[in-house]
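Naming follows writing order (A, B, C and D), and every chain is counted from residue 1.
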Amino acid sequence: MIANSFEYSSPATLAEALGLIADGAKPLSGGMSLIPMMKLRLASPEHLVDLARLPELNYIREEHGELHIGAAATHHDVENAPLTRGKCPLLAETAAHIGDIQVRNRGTIGGSVAHADPAADYPAALQALEAKIVLRSASGERTVSTADFFIDTFTTALEPGEIVVEVIVPVEPGLTGTSYQKCLQPASGFAIVGVAARVRRDGDNFGPVQIGITGLTGTSYRATAVENALTGKPATEETIRAAAAHAADGVDANSDLHASAEYRASLAVSYTARAIRSALSRSA
Amino acid sequence: MPVSSIVKLEKLVGKRLRRREDPRLITGTATYVEDVKLPNLHHAVIVRSPHGAANIRSIDISKAQALPGVLAVYIGKDIVGVGTVPCGADLPGLRRPAHHILAQDRVYLVGHPVAVVVATDRYIAADGADLVEVDYDVLQAVTDPEKALAPGAPSVHPEWPDNIAFTFHQNGGDIDAAFAEAEVVVKQRITSQRLVPNAMETRGVVADWKSNDRSLTLHTSTQIPHLARTLLAGMLGIEENRFRLIAPEVGGGFGSKLNVYAEEALMGWISMQLGLPVKWIESRRENFMVTIHGRGHVDYLEIAAKRDGTILGLKLKLIQDLGAYHQLLTPAIPTLSVLMMPGLYNFRNIQAEIIGTFTNCVPTDAYRGAGRPEATHGIERMVDILAAELNMDPAEIRFKNFVRPEQFPFPTATGLNYDSGDYANTFQKALDTIDYQGLRTQQAEARAAGRFMGIGISTYGEICAMGPSVATPAGGWESATVKFEPSGKVTVLTGTSPHGQGQETTFAQLTADELGVPIDDIVVLHGDTSIVQYGIGTFGSRNTAVGGAALFYALQDMKEKVKKFGAAMLKTDEVIFEDGHCLDPKTGASVTVQQIAGAAYRGIVIPKGMDPGLVVTKFWEPPNFTYPFGAHIIVSEVDPETGQIEIKRYVAVDDIGNQLNPLLVDGQLHGGAAQGLGQALWEQGVYDDNGQLVTGEFMDYTMPRARMMPWIESSHTCTPSPVNPLGVKGVGEAGTIGSTPAMVNSVVDALSPLGVRHIDMPMTPEKIWKIVNGSKA
Amino acid sequence: MNRTINVSVNGKRHTHEVEPRLLLIHYLREVIGLTGTHMGCETSLCGACTVEVDGKAVKSCTMFAVQADGTEVLTVEGLAAPDGKLHPIQEAFWNEHALQCGFCTPGMIMVSKQILERNPDPTDAEIREGLDGNLCRCTGYQHIVNAVRTAAKAGV
Amino acid sequence: MKIAGTAKLPFTPERAYALMQDPLILAKAIPGCDALDKTGDDEYRLKMKMVLASLSGSFEGKVRLTAPDPPNSFRMLVEGSGKIGFMKGEGLIKITAAPDAGVDITYEGDAQIGGTMAAVGNRMIDMTARMLIKRFFEKLASEPA
């Protein structure tokens, strides 16, 4: 219930923070995942660097047809900012599913993404949005795709000394319908499965579709088999059901007290169908 | 004084009065144990076993001792002269493991206390606890009671290799004749899983020993301050009259604080060793691991009946998961289940066997309902199973078997004597409220459309107002003191120990009405053994039905006393007492109770045969339990694709006799229903084979949250109890007992087209999904 | 290494030197002496410890005091007016019997305040959703929902 | 908790078997392993540091390799305990020549976990165990043939 001792730094600039992190300090953002672990002494970092207070990381802005979201933007910001609500509603909708009011007030998109919890909500949306994740260390900056960023359970493309500084998502074309559908684990509120769908219509058919899935396996993924089974097909319930059936294709599903692998895979199919249906109804 | 000037106060009993205890609670100024601060207060953190069963090879405390700020580190062998944790239940042949306050050479469950670190600060104490090194020789554990009974199972206590703590038999009527006469017999194995009470305030203790006075003050989060004091005084070998136990604001109990715990004695002992005040606050993780759990039944049930639905008799084999030790009432809880097995039904033949089984788990004990939810779930499930077998409507079979109003007082097959009731009337009200016939029509339509809609009925009875002293381990009476202060203000001291139930309000309502004083002039005190006369405490829905009755009788005695003083002051023989006045009917002259109080303390007018002062204390022994009952009906729908259950409607009609404050009654019922639905749908204390509590934090133990709870449509019938003068029956546990089987029966009903007869709890979506899919395959 | 923090709590400025690992809740309870905020779990799932930091409801058991440096904290003790007049949400909790043991209540009240600040006229479903981070074991939530609805009508 | 799965290694059965009996190789392949010292015929003392997301902890324990049936199968036990809890995994590892090339590994056994780390998220245990096993075989696969 009480953390081990540690040193705390709250640098005024990102450069200073990156310097400390290069020396081995651990970044602290909202702390929604890290602090409970520290209290149980499952995590005992020696030095924390507070990123949440850096103005350099706290913004949501539109540039060149994309939304740039600073790592320190809270889930509440992402859920409610007019820019995200208006121009990337999938991300706003997903943020609204994270934790509870208090968690959304403190938790940040950068912290969540870097933590790479296999049951986190954002990754599903980021996969579907083909978001870009900007990483920076004391020695430079690079941008990776969502698909390349999330590698495995709690494992990302972040190198030692590197942090997430920004998430870039597209400004959604007006005709796209999007939806995030989540089956939540009732005790913790984490996703048993969460499915984000982006759907465009092509006349009476499905146009390009992106589906991102979280919770089902060790990391989030794009359900390309589902996407392929939709695009170009009639936008009907029959197509949706047939396509959603591929949601867990080739995926080694997780198993825990709350959902066996078999049940989880079945939920992935159901929630994929729901997400597609809902996104379709919102598309024009 | 002319009569016309007497101000009649509004009668308060029966009013929806907001609570008088709330101002301190909504402003954050109440004092819970953790809020107690004393000069030079030190803090203790306990080192606990991570293993379900292990021998302790060695413990190295040197590093912890060396940590600056650490005052002391104690292990089991340091504890000398302290008794073992008591068990108040007595059953023939009961095996009682010695339950030391710190482990000796072996640990029996995950969380077993092994060492304790005392430091100047809780952060340092936690650091010190981390430095205690314990070398364990890990042994095979057993956590499932049926596995524990199997030949060759690991022994929880080596001295009792069969893991059986006791067997208990209770028979009534002629069970063989009933089964011989039966035209149909239905059987079912029904489990009632372990539940974690999870009061929002964990336990906590502040102990303060004053060696010069040889006196101990112990602040502890308990439901039973006086009993805890008596038992802890015995454990610590100190004098009860030099031991002040205070239950400050208590943040929920639900039975989990109806106990005496190792930590209470341990903190007392440490304070005595160090001569310093010591505080220990349980973490949530500790609360999951070492505060008692509830339920833990595996029941094998059989019902014999006639083809027309008449129930003839019931057989029960009950395997109780006791855990590794007995806490205060551990072995007694399943005996309550046996008592209530007949439910509301008119059959006289019963055969019950309990096998109390040791496991490497935390002890089970009283959790809201304590034995009755298990029994009610069993009988209400069995009645539905019988109805299904006979193709009868579950409502019809209940009407057929109810005890009828003219049969009261009704002696049951298990030796109880039901006080009063009209079961059919209450049930009919519930059916009418929810439009039962209309629902069945809707259900037929839903089924035709391939939807899984269910209607679940539970007509429950329970045993409340614990209880006659012969039937309770520590005495079942309750006490009340009523004091007029010289100013005419009234202080009430109740031996109950309310912690959310609202007796500071309801007892003041009762007192105001009886004495005719403004409610603002009344204070109700409880929970401090140095202030309040001995009392039994708060559990078993007894506060109002026993404690309130004791208060009622104290108030009658007080009125008699007031009248004598009033008559003396008015210089007359006979006065009428009403509306806070004594009135001489012959002259019309009157004096107020305030004037009388002043005079009684002033001592100028002392009626013949009376003493000065106006204080009455009453200890009241209840002649019987009370037996509330009711009908809960839940409409649900199951999504076959995901197994998720949606509660569409929840109607509850409860008969708890008279009500002092219906607003508070509603609160008790809602909260009870949440816990009952929690058992039916979400909550489960799951141990793995090695003794790890898998659902050991809120991360994995699903507590009912606001978004999961349905709207509860609550109403009442009223058959006053003849057992006590208030006609009340008790409401603390009714919601918990009534709700669970209604929920399960609803889902079983929804899935009955698939041939489903029973589902064990909790009915998780995956379980439902498997049933639906299994039936497809 | 200890750090000096400046925090305004219920409008009063405080300066203290604290260990970085000191949780905000312990700072409020042990250092400032405001014990109305309660700790009900260690996994950030019960919400009993909810306070406002710069106008946002947060769980003070999942925040270090050093993270609150320079902020304005509001606890349940700071809700009523200086003359003792209760905040309308406190009043509504009282009138609707939205509490029993009272342990979760400060957190419930603080989160209810945030719910209504962001959505002055919530549906029952929105209220229940808003209470998702807070556990109550006594009330079954029905009266809490009533209280938030009542407070909304009173125009919080 | 049951653990079962498959992996592929680009080796002959003999080479795959030998690699998994070699303490130096095992020390490299076991995620977070700092040291593996021989303490008996088939037993090694294990020191490892597990870092997973924010969770980190040191473990001391042992590795035992039993029931040798080269190059077809053996049993492996890994157990360790530390401040944050303890873990124990025991199972049968089977090696069969794959039809195309290399070998197919199948493993089947039981894993236990206890202490604080067992209490904070049942959801993490299965996926973490599987990820650690995956890393183990990936590391093995990177050995020269």
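What we mean here is this: contacts are C-beta pairs under 8 Å (C-beta built on N, C-alpha and C of every residue); 3 or more make two chains touch, one makes a residue touch a chain.
As the structure is a computational prediction, the values presented were derived from the model and not from experiment.
S.K.: Quick check on the contact network: minimum steps from chain A to chain D?
M.R.: 1
S.K.: Would you say B-D or B-C is joined by more C-beta pairs in contact?
M.R.: Spelling it out, more C-beta pairs touch across B-C than across the other pair.
S.K.: Centroid from C-alpha atoms only, then distance chain A to chain C, rounded to Å. What do you get?
M.R.: 28
S.K.: Where the CA atoms of chain C average out and where those of chain D average out, how many Å apart are those spots?
M.R.: Result: the chain centres lie 47 Å from each other.
S.K.: Using the touch rule from the top of the page, what residues of chain C touch 2 or more other chains?
M.R.: 19, 21, 42-43, 45, 132, 134
S.K.: Which chain B residues reach two or more other chains?
M.R.: Those would be 123, 130, 283-285, 694-695, 697-700, 703, 705.
S.K.: Spell out, as numbers or ranges, the residues of chain A touching 2 or more other chains.
M.R.: Residues 1-2, 4-5, 36, 38, 40-41, 187-188, 257-258 of chain A each touch two or more of the other chains.
S.K.: Would you mind giving me the full set of chain pairs in touch?
M.R.: A-B, A-C, A-D, B-C, B-D
S.K.: Using the touch definition from the top, list the residues of chain C that touch chain A in their complex.
M.R.: 1, 3, 19-21, 23, 42-45, 47, 50, 56-59, 61-64, 66-67, 69, 111, 114-115, 130, 132-134
S.K.: What residues of chain C sit close enough to touch chain B in their complex?
M.R.: That would be residues 19, 21-22, 29, 34-43, 45-46, 48, 75-77, 79-80, 86, 90, 93-95, 97, 99-106, 109, 124-125, 127-129, 131-132, 134-145 of chain C.
S.K.: Would you pull the chain A residues touching chain B in the complex into a rising list?
M.R.: Against chain B, the touching part of chain A is residues 1-2, 4-5, 40-41, 183, 186-188, 257-260, 263, 266-267, 270.
S.K.: Residues of chain A touching chain D in their complex?
M.R.: These residues of chain A touch chain D: 26, 33-34, 36-38, 40-45, 115-119, 152-155, 185, 188, 190, 217-218, 252, 254-258.
S.K.: Where on chain D does chain A make contact in their complex?
M.R.: Going through chain D, the ones touching chain A are 52-57, 83-84, 116-117, 119-128, 130-131, 134.
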